[in-house]
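Both of the next two complexes hold chain A, though its partner changes from chain B to chain C.
Here is the complex of A and B:
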């Protein structure tokens, strides 16, 4: 149904509204008013054209209504509001990014074990040793021995409390073998909720059959003994 | 009887908030209710209701929400807020004082002649 008078009225009212984002809502509200009024007149027996004419006459002067409405839809405040909202959205996206990235790294980063050159591996063991220091859980997962005498210990650690107690894992303890040798480890860790680490020991004795990691600091203790594969791969 | 627009002007807020006191209404419904209650005394241009409603909304006296009817028609309903109810009490008081004073004036001040 074409209603040219209604359209002209709405168009003129909206031409006074300076803030573009409010125009649609104003149009919807006024239009539904006019349409209902037209329906009521038609129920009373008027034809469409007459009903439209009466309804538009009842609603009043488009210029006066448009100018009054524009006062209540301040463009400057409207834009400020829009911009503020935009900033809030950006702020939230930014935060999601900073929270999301560690999650992403944790779940999608490949295991550091893949960084080791496969052809250099003499043997590789999956282990499952877990110790706890206060709220930090340390989980030893793999041992890889390379042909250059390097022993790599893979482990991950994480906090059982979401917000750490401020106790950061400095060292996993002293690393020795059953022959009494002590090793210094080079360590590398990835970021993430679960931190994945490698400790690499140079020139690990081929004859040692047990790796011992013992921690004894700040009145906290643990000792992990891991049996190694010895001899089978001797050349 | 038709009323002068200026005469209604001062009491617009009182009238509109009163219409919303008991139930939420959309614009056209308010016009019809006003006609009904006032026996069509307040004949004003219907469109001028909307700037008033939007002003009340900006002032926080009412809030609005859209309801989509089964027929697909969208209606914007207005609801009086807590601060709108406080304002309504104020406006009613002001109206009491005003109408009492007007009545005194038009009845003639008897004390003046005593």
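Here is the complex of A and C:
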């Protein structure tokens, strides 16, 4: 049913509403209110045109109503609310990437010890040595000696701030044995909140019974000594 | 819920999300926080910040830590945030030299910084490959810092450094 007066009235009221995202709701509410009144008048025997005119007169002055509604639907508050809604969504997406991905990697990446060929293992030791460099905790977990003379050191490291990030751990220190040999390590690490690493030392002396890891850099120091199963690999 | 309350809720949620984002993304609201975390996470310092200087894309933070001298770079990210740059650790000062220094070039940004071990040195002069001479007489405690940018058509590499006393006598000289 065409109701041009009602449409004009609504259009005028809405022209005072500065926050555009509220206009549709205001229009729906006001329109249903006017239609109710029109129905009332029609039930009393008025024709549509007269009922529409009376209903609009009952509602009041479009300008006054528009200005009042505009005050209630504060545009500044509305825009701030709308902008912060968008920002919340953006930050949730950003955090899913920056927090979610490292957590995912941490929980689902396997230990590099699983990559060692089991048939090549001469001996394997579980160790539990922990050291701390500033906020970084380094936890040495396993030693695996292989029949090709390769000694593998397994360790994990993480930041005590949990979410903390920063430069990756460059070195765990100088690696030597009790016989005075120094070794260069090939290293590989996973990513994630808790990083799992392997350091592999080629041609590790079969006669050495202690592995020594010494860190001494920029006034930070630690020394880890690990007794090896020399009897079992000394043929 | 009123719109005011919804806005307050959004602000609280945003604060929490921003906190997590900044911590996990290695981004900071101020350059010194980026510098301090950069040093700590590489297990160096904390250095005493002696001078901060702007460069295109960030800031140089000149500092001293025990026997080391450093000039960390922190980068400006997304217009108002700060992140790690490069070169956070320092060189060990050789006190037997009247002037000890190092230099580096990263993305067209050159820096030469060092320390004056001989009190007689009152002026540091460096010469670049294109013949340009840079001079510094006002030091930051006993530290100095030269910064410059290169262009592709000239040789902007560092060639020579000299330290002069108050009478313009050369106390220290080194070629690169």
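Everything that follows uses one rule, which is that the second predicted complex is superposed on the first by the 128 of 235 C-alpha atoms of A that agree within 3 Å, B and C clash if a C-alpha of one lies under 4 Å from a C-alpha of the other, contacts with A are read in each partner's own complex, and residues count from 1 in each chain.
Assume a contact is a pair of C-beta atoms (placed from the backbone, for glycine too) under 8 Å apart; a residue touches a chain by one contact, two chains touch by 3 or more.
Source: prediction; values computed, not measured.
Trainee: Touching A:85, do we find chain B (first), chain C (second), both, or neither?
Mentor: The second partner, chain C, only.
Trainee: Which partner, chain B or chain C, is in contact with more residues of chain A?
Mentor: With both complexes superposed on chain A, more residues of chain A are touched by C.
Trainee: Please indicate which partner A:6 is in contact with in the superposed arrangement: first for chain B, second for chain C, both, or neither.
Mentor: Neither partner.
Trainee: Could you look at A:135 and tell me whether it touches chain B, chain C, both or neither (first, second, both, neither)?
Mentor: A:135 contacts chain C only, not chain B.
Trainee: For A:102, is the partner it touches chain B (first), chain C (second), both, or none of the two (neither)?
Mentor: second
Trainee: Pick one for A:157: touches chain B only (first), chain C only (second), both, or neither.
Mentor: In the superposition, A:157 touches no partner, neither chain B nor chain C.
Trainee: Have a look at where A:196 lands relative to chain B and chain C in the superposition and call it first, second, both or neither.
Mentor: neither
Trainee: Starting from the residues of chain A touching chain B, keep only those that also touch chain C in the other complex, and list them.
Mentor: Correct list for chain A: none, the interfaces share no residue.
Trainee: Once bound in the complex, which stretches of chain B touch chain A?
Mentor: 26-28, 31, 44-48, 50-51, 54-55, 57-58, 66, 73-76
Trainee: Enumerate the contact residues on chain A facing chain B in the complex.
Mentor: My answer: residues 13, 25-26, 28-30, 32-33, 35-37, 58-62, 64-65, 68-69, 71-73.
Trainee: Taking the complex as given, what residues does chain A use to touch chain C?
Mentor: Result: residues 74, 77-78, 80-81, 84-85, 87-88, 91-92, 94-95, 98-99, 102, 133-136, 159, 161, 163-167, 170, 217-220 of chain A touch chain C.
Trainee: Under the stated contact criterion, what part of chain C meets chain A in this complex?
Mentor: Listed in rising order, the residues of chain C that touch chain A are 3-4, 6-7, 10-11, 13-14, 17-18, 20-21, 23-26, 37-38, 40-45, 65-66, 68, 84, 88-89.
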